[in-house]
Structure formats: structure tokens, C-alpha cells
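Which chain is which? They are A, B and C, in the order written, and residues in each are numbered from 1.
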Amino acid sequence: MAPQYAPSLRSRLAPLLLILQTGFIIIAALCFENKEANKLDRKSFLHFYPEFQDVNVMIILGFGFLCTFPVRYGFSGSGFNLLVAIIATQWALILNGIDSWYNTKIIRIDLKSIIKAELCAVSALISIGSVLGKTNPVQLTLIALLEVTGFALNEWLLQTLLKVRPPNSIMLLHVFGALFGLMLTWILYRDGSKQGFEKEKFDRKSGLFSMLGVVFLWMFWPSFNSVLVEDDQTRLEAVCSTYLSLAVSAVTAAALAVLSSPRGKLNPIQMQSCVLAGGAAVGVSVSVVQQPWEAMALGFTAAILSTLGYRYLKTHLLIAFECHDTCSVLSTHGLPGLLGWLAHLVLQIKYCDDHTVAVRFAVFHICTLFTTVSLSLSMGIITGGRFGDPNKTKNASMIRLSGRYLHFPNLVVRNLRQKN
Amino acid sequence: MAPQYAPSLRSRLAPLLLILQTGFIIIAALCFENKEANKLDRKSFLHFYPEFQDVNVMIILGFGFLCTFPVRYGFSGSGFNLLVAIIATQWALILNGIDSWYNTKIIRIDLKSIIKAELCAVSALISIGSVLGKTNPVQLTLIALLEVTGFALNEWLLQTLLKVRPPNSIMLLHVFGALFGLMLTWILYRDGSKQGFEKEKFDRKSGLFSMLGVVFLWMFWPSFNSVLVEDDQTRLEAVCSTYLSLAVSAVTAAALAVLSSPRGKLNPIQMQSCVLAGGAAVGVSVSVVQQPWEAMALGFTAAILSTLGYRYLKTHLLIAFECHDTCSVLSTHGLPGLLGWLAHLVLQIKYCDDHTVAVRFAVFHICTLFTTVSLSLSMGIITGGRFGDPNKTKNASMIRLSGRYLHFPNLVVRNLRQKN
Amino acid sequence: MAPQYAPSLRSRLAPLLLILQTGFIIIAALCFENKEANKLDRKSFLHFYPEFQDVNVMIILGFGFLCTFPVRYGFSGSGFNLLVAIIATQWALILNGIDSWYNTKIIRIDLKSIIKAELCAVSALISIGSVLGKTNPVQLTLIALLEVTGFALNEWLLQTLLKVRPPNSIMLLHVFGALFGLMLTWILYRDGSKQGFEKEKFDRKSGLFSMLGVVFLWMFWPSFNSVLVEDDQTRLEAVCSTYLSLAVSAVTAAALAVLSSPRGKLNPIQMQSCVLAGGAAVGVSVSVVQQPWEAMALGFTAAILSTLGYRYLKTHLLIAFECHDTCSVLSTHGLPGLLGWLAHLVLQIKYCDDHTVAVRFAVFHICTLFTTVSLSLSMGIITGGRFGDPNKTKNASMIRLSGRYLHFPNLVVRNLRQKN
């Protein structure tokens, strides 16, 4: 049984999607060109295609089924994820091509540009994890569009002002997505109600689907981290590093999940959140992690940090800031991403012989983080404020909808209705 | 709990499978040779292997789990799909090799011939979607054998008489499979009973498995469309076109599913049927779709056409012609396939400079469709008549079986029993 | 709902995992080096990466979800499988590198060494299948460590004493894992109780997850068998042979499952056990199977043997030797592995022109099997005795735990508690 939509949703979601889609097609007719320029690019087919598919699987299947754990939200979770991922990818394809369009009036579409666009869409999927079950599909679509715009802007700033290399700037998606999502849920929730959320429910079968999503993310994460690396040598290292880091973080996460449970239970939701921490940490620092033990130590630290975040920070955020983070994106992506940023800084300085170069790198690297954090926080607040301001009738009614629209007995934003 | 088979089924299915399998092994011992001829072919390992696996995943997992949505049929659906896919592939391997056997007394088995055979098997899997839950495994096996024979015959006719290139002729599998299946269910059903079928039931969990199948088909469809393309350049274009077309058709299908529902619900079965329309349409016209916007527009039109087919044509066929199409193969594969054929015609003529060449192509192209349609319809009627004729006692008893054999409260061919 | 752990488990599992993981990181810091030496190795990225991912999918997802069929064990089954697979892989990475460390004080980590380590981990996963649901995660972890040690020792013996080529020695993992697991469950069970186990329960939904695991194993088995083959030509042949063999064994297994059921039902658990037999048989003999019909005949025989094993040997072992094999690893991996060994012998002798060479090969080949079997049996007995000796209080309490720890109404080792 699909959730029952509010009647007014019908008049909003369908036109929104159709208008967006028609717009994308018109832009494509005007600017897109499907042409590989030369022989070298053609060779890239062999290079990229299997990894493109792996990334595809992670985005559509991994994130899609990761979202199925709330027992009453399973089906819609995977369906909406597909929708949001596709729209965000198309939008990112356009935004990433603006630069090239400005110069040549043509946006080239090839495998690499689609992969880049998909990675941008991932940052939107991460953000959406934090408001899962509290928003309707119309809101999800608009949030994804704004989030991708913010991320593309951030990427452009980093690449033009701070000369950050593209793979490094894109990998900050973990930090950007998590902080954006956090602000979003904070604003939406604060405006709505003062009453705490009950715990998310899940049952065994939806838990297995969710496990399926985690397992797909876990398996294909090496492709995710290595797909943008140009050089074969470095790419191989990236794959091995990511694999080792994920392995260590999975074991550590399981150990800590048992340790932190009062009855020695293996809390599956906690484990699932923290198993992937190593992948995000290595992803952000992939260009400098060279030795296996560095990757493994990074995975170990990331899992500990992520578990601490899940156990203490999540509750703390809920109680102190009234900020409810459904999928714990802060501990799954945010903290490991920050750790990866730190590891990048430390390792790069360690490898620098020259003191001046090291200081210069450190300043640039700190500026990179500062830009990303401030842009993600401000974009998150703006996006949240856009939907969450109770004075804007149109948007408030959207949120009101979510009470009727969702069938979460536990997660319902029921109080919004009472207030308005 | 597996469905309880009629006792007499035991004495039929097992011998049939064992005889077929022994026959295939004997033929293999006489004709097959597992030998790559030269260095160039060897290089093809790198080219083909990942895409071979993707196609494999689509056939075994995608189609297999797509069939799990009827709540009481899940397990058997995926099991029988595996069985039918394998038998059809082996049979296609033999049929596709007859030509080479005629000349050299040897059928070469390599990755490419297995991929071709798997694509032929897909046409059988599509047909079987339309009689899902109304036939027993013995019938499914025989239908698959006859369908693959028909498809191989069609391919041979197109390639020898009309000089259609192999990738183009194979991609007509969507049209062939859908029309064959439609005739099949029409004949089987008409002979059986005048009473209408109730709606197919599905529940949330089996819906998620079905979603899993759809998502796998969606993700790997670019491999499906590009695997037979020889040239790297064209293959890359095929991948990008298919991806864009699928993206657009998924968004459009979701929008139309919300729009066409009286309460604004997102009907998952409808969405699942129409999400893949873009892939089928681009598949049939893959050799001429060059610009991204063409692929996107094709995906958009295919999703609209498929949704219209699902909403109106399916009901119309049931009421007017008493033709019940379980998996809506007509709207998922048939209509988008025809659209792709039309797009091929239009785009090819557009790219032609010479008027005479264009007309000549149009005539040949129309003949291609005519051959495919007439062969698929007649083979479907013959196959259906073979199983559906109530005068043939042996076959009628097979159908009678299906009443007892299947545990569908809704889909049971209960009336067959009453009549006979 | 995760199973409720005995409180004392908390104090054991978490420290064990953390200590192991810290130890692995320290060893990595001392010995591992993530460096590809030369250009040729770099090219191997393109060769290996997609197959590496396929093997990864088989291990994490295939074996993980294969274990979900016991209805109350689904979630933990997949979680523990992930844990055990990762720990076993890391341990195998260290053990496989001892030789290189002895010479150069460095263990090179690249894709190939990770793949080899994963294949060693598979032998542990197979063993664990036989004690599934009768052991707690602490035991599973220790069993995996001992099993991998034994397998690495066996591999080293075969390669240094008998000059067996690495791919051939590693592929004996099916035989080694199955016999090790059988001894393990025999010792653990004999020491525990004289009372028979009831049948394993499963329901339709957990059955579908299990089917998912089987299907993933089925699809990617060609990669499993070909990943270690160096030569492109041979690898292509390995892929085709494995595919054909799996196809034939799936059809044969289904036919026999129907035939051997008194009511003509398709027993899904039996079918799932036997569908994969062809893959294991061809895997062990992959270097000599050249013609398609040989592979197909091997698949046919393997499926028959596996079905006979499942129907008669499993019950016989339970009644005569009180040896309960949860996942039927003997019939799924053991018997087909032995068949593959025999096929290797027969085919190699057939291809030998020289009589002396043939005899010499036969002697070596028999020694190979003898070493593997005796080592696996003795290691299994040692490992089982270690955990199963009721006089060792510490370990006996571990087993006692499993009664409380597991929520199997049918599989509970309830009597252990009564006895002690």
C-alpha cells in the first residue's frame, strides 16, 4: 500500500515534475551535445564504464534501500529516492556545464559529466536523509534542487578561488550534504513544534532491505572514491585504501555497537550508520592516503567518531537544539568527512619538505573547509526557512500536508497542524 | 511455502527438463566449440565482460524479481524465471549457431554468442510476463522454446532478406516479445472463460522486491542497449542516450502516475511499468539517436505512451477483447518499442541527404516492422492455440492443472476447471 | 529485532573484535605497502577491477543473504557474515603475505592480494554455513581465524611441496571449507546432545532474501572462477565454461527437486543448495575444462551428486553420525568440489600424450587431495574440540550461551544447558 497523498499534493507534484522535466529537455535541446572529442576520451569508456555502473548502483539502490528502514516508509522511501536522485542529477548536469556553456555555447555530455552530476546528486541524497519521513515529495524535489545549486556554487568557488582540484572539491559532498541536512531539519523542526520525536521504528524485514542498501554502499564505495581519479596508479591505491578503511570501520562499528548497548545487543541501525564511516573519511582524503595502515587507522578513527556521534551527539542535538536527524547523516557522513579533511591536512603537511609550502597549503585547506561549511550552513538555513516559515502560507500548508501525507505513527509532524 | 504442485505435474516437469537438458548437452558435444579465434577477439574480453555481467544481472535478477509482485507468487516467480531464462538461453545458443554450423559444422561459443542468446531469451521473458500466474512451469518452458524459435526465425529473416544489421534486428525483441505475449494470453484466456480477472494483489514487502527488480533493470539498461554495438564511440553515445532517456521517463512516469490517480496516490505497479519505457524506446532506435535532447524527448514520449497504454489500453483489451496482460508487457515493452521504431525511421530520414536513399530506407524499415509484427502475432496465436485448444485433451489438462497448481485467489483460472 | 545477546557476550565480542582490529592495524603499519611496482601491474587494474567487484558482491552479498533463510536469523545472518568475511579477509591478507615478508620485509597490498585473501575468506564462510545458528559471533570469529590459518597452511604446503599452481590450490577451498565445516558441526554437536535437531524453518519472505543471495552467487560465479587466471584466452574459456555449467546444473537441480519431492513440490532450499553445484565443480577443474560439453556434463553430474547428497547423505549423517549440517555445505560445495577434482584428473590424463607424465600427474593430484582432506578434517576436529570440549569451562560456557543467545525454536542447542 502506498501512502495516501493529500488530494492537493496531486495538483502540485505532477505539474512540478512535468514542468521541471520539460525545462530540462528544452535546455538539453539548446545546449547539450553528446560527443566524445578524441581517441583518448574514447579509451575512457573502458576505464569508466564499470565504475560508472557501480556509482549508479550506489546512488539508486544503495541510498534508495538505505532509506527503507522506517517500517511504513519502505516503498515510498526507495521510490522518492529514485525520483530525487534523477532530478538532482539532471540539474547538476546543467549547472556543471554552465562554465563550458559560457565559453563554447555547448555542454558536452559524456560518461564523466554524468558521473560528476551523480556525485553532486549524492550530496542532495545525504541531506534528504536527515529530513526523511518529515517532508513530502514536492518539498524533497525543491530541497534537492536548492541543495545541488548550493553544492555546485561551492564547487565553483573552491575551484576558481582556491584552486582546489575537482576530485577533492567534489569529495567534500559528505560534509556539505550533512551540514545542509542538519540545518534543514533544525529549521523545519524548530518552526514546527517543541515536542520531541519518538524513536524511529523498524521491523526485521524492512531492516533486511536497509541492510541490503548498506551492503551495496559498502561494496561499491571503492568505485565511488576512485572514479574521479585520473591516474591509474593513484586509482588503484584509492581502491585498496578505501577497501581497507571500510573493512576496519565495519569491524570497529560492530564492536562499538555491541559495547555501547546496555544488553550487549547489536543495534542494527547504529551499526549501519557507522559501518560506512571509513569510506567517507578516506573519500575526502583519498589523494594523500598512501599507506595501507593510514587508511586502516583512518577507518578505525572514523568508526569511533561516528559511533560517538550516533550515541551522544544525535541525542544531544535533539534535546539541546531540537534538531532531529532521521538517518543520522551527521555521524554517518559529516563527522567522518571532517576527519578526512583533517587527515588530508596532516598527511599533506607530513609529506611536505618545504615549510612555506606546508603553511600555504594549510591556509588554503582551512579556507576550503571554511567556505564549504559556511555555504552549506547558510544554504541549509535559507532552504529550511523557505519551507519552514509559518508566515508564508503556501509553504506552511506544505508542511501541514506532511502530517496527513505521512503514515508514521512516530515521526508525524502532527503538531504543525495543531499550531496552524 | 512453495506452491503445491498437482501430482501429475511431477511426472511432466522433471522429465521434460531432464530430456531437454540431456538433448542440449548432446548437441553441445556434437557441435559446440569453446574457442576464441584471434587476438582481437581476446581483447573483446575486456570490452564485453562487465557488460555481459550487467545483462546477466538484468535477466536473472531484474526480470526475476520484477515478477515477484503478486503476493502469493513471489518465490516461484523468481525461480521459474531463472529456469525459463536458462533454458531459453541454451536453446537460443543452438538456434543462433545453426547458420555457422551449416557452413563449418562447428558452433563457436564465446561471450558474444552467449550475450546474443541471452538477449533472445529476454524476448521470451517478456512474453511470459503477460501470462504470469496463469500457466504452469511445463507450459512456461514450452512457450519459451517456441518463442525463442520464432524470434530466431524473425532475426534470420530480417538479416538475410532485409539486410537489417544484427543489433537492430535483435533490439526488436521488445516488440516481438510483447505482441507474442499478448496473443498468447488472448488465446489462452479466450478459450478458457468469459469471466473477468480480478485485480492483481500485491503487498508492501513483495512490492519492495519488485521495486528491486525494476531498479536493477533501470540501472543496467545502458549496458543492455550498448552491449551489441561494435564501435567504442557509438557505444558511449548509446550509454549516455539510454541513461538520459531512462532518467526522463522515470520522472515523467512518476508525475503521470500521481496525476492519473484519483486520490493523488503514487501507484507503484503503474510507475514500475512505465519507468522503463524510455530504455525500450531508445534501445530500438539506438543506432540513430545522437543528440541528448533526442534521447530525452524519446524518453518523455515513451513514458506518456506507456502510461496511456497502462491506464486505458490494458482495461480496454480486457473488456473488449478479453485479453488479460498480467505484467502489462504491451505498455512496458510493446508501445515504447513501436515508438522507438518510429523514431528510428524519422531520425534516419532526417539525416539522409539523398531523397532516394531515404525512401528506400523507409520501405525496408516498414517491411522490417511488418515482418516482426506478423511473425510475432502468428507465432503467438500458434503457441497459444497449441496449449489453449480445449479439444486437445493433453493440453487442456495442462491448463486445468493450473487452476489447482496456482494459489492465486485472484488470478486463478478457476473457470477452466468448471468448463472442462 | 536483533537477537538478545547474553550479557556476558558483550564483554567478549567487543574486546575480541577491537583487539583483533588493533592488531591488524599494527601489523599493517609494520609490514603492508600499498604499491604497484610497474606498468604491467597497473594495466591489471582494468583487468581485475570489475571481477574484483563481482567477487566482493558474491562474498558480502551472496553468502550474506544466502544465510538469511532461517526465519529468525535473517538479520543477524547477514550482519555476522559481513563481520566474519572482513576479519577473515584481513587475516588472510597477513597470512598470504608471510612468505613475501620473510624475503623482503614488506607485504605488498594490491587488488590481486585482496582478491586472494577474499577467496581464502570464502573457505571460512563455507565452513560457517554448516554451524549456522548453532554458534555465537565470538565463536564464529575464532572459527574463521582458525579456518583461514588452516587453509593458508594447506595452500602453502600444496604450492611448495607439490608444486600445485596457485589458482588450482586456492580453488580447493570448496573441499576444504566443506570438510572443515562438517567436522566442526560433528564435534560441536556430538559433545552437546544426543537429541536430533528439528527441521530448519523458513518463510516466504526470508526465502526470497535467500533466493537473492543464491541468484547473486549464480550470476557472478564466472568471475569467481576466472579471476585468478592470468591468461586472457584461458580466462574467457573459464567464464564460458562456468556459465554453461551453472546453467545446466540449475536446470538439473530444479528437475531433481521436483522429482524427489513426494508431492511434486519445488523445494526451494534443496534447489538453492544444488543450483550452484556446477560452479564449484568447474571451479576446481577450471584449468583443464576446454570444451563446452565437458563443462555442461560436469554441471549435470554435479547437480545430480549434490541432490543425492542433500536428500540422502544429509539425513544419513544426521542419523548415523549425529552431524547436523545447517546449510548443507557438504552437498553444495564438498561433493561438487570432489567431482571437480576427479574431472581435473580424468581430463588432464586424457590430454596427456605421454604415459609417464600422466601417471606422475595422477600421483601428485591424489597427494593434493589427500593433503587437503586430511588437513581440513584435522583442523576441523581441532577447532571443534577447542570450542566443544565440555571439560573446558570457559568454552563450554560459550556454547551454553548459544542456547540463550539464539532465538531458534528449532535449532536451539538447548540440551547443552541441561547437560552442563
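As a working rule, a residue touches a chain if its C-beta (ideal position, glycine included) is under 8 Å from a C-beta of that chain, and two chains touch if they have at least 3 such contacts.
If you're wondering where the values come from, they're calculated on a predicted model, not measured in any experiment.
> Quick check on subunit B against subunit C: do more than half of the interface residue numbers occur in both copies, making it same, or fewer, making it different?
Copies use mostly different positions to touch.
> Nearest 5 degrees is plenty: how much rotation brings the CA atoms of subunit A onto those of subunit B?
Result for this pair is 120 degrees.
> Whole-Å distance, subunit B centre to subunit C centre, using C-alpha means?
That gives a centre separation of 36 Å.
> Please set out, as single numbers or ranges, the residues of subunit C touching at least two other chains.
46, 50, 205, 212
> So in the complex, the part of subunit B that touches subunit C is made up of which residues?
1-11, 13-18, 20-22, 24-25, 28-29, 32-34, 36, 42-43, 45-46, 49-50, 52-53, 56-57, 60-61, 64-65, 68, 74-76, 78-79, 82-83, 86-87, 89-90, 109-111, 114, 205-206, 209, 212
> Which part of subunit B faces subunit A closely enough to touch in the complex?
Those residues of subunit B that touch subunit A are 46-47, 50-51, 54, 203-205, 207-208, 211-212, 215-216, 218-220, 222-223, 232-233, 235-237, 239-241, 243-244, 247-248, 250-252, 254-256, 258-259, 261, 263-268, 271, 275, 290-293, 295-297, 300.
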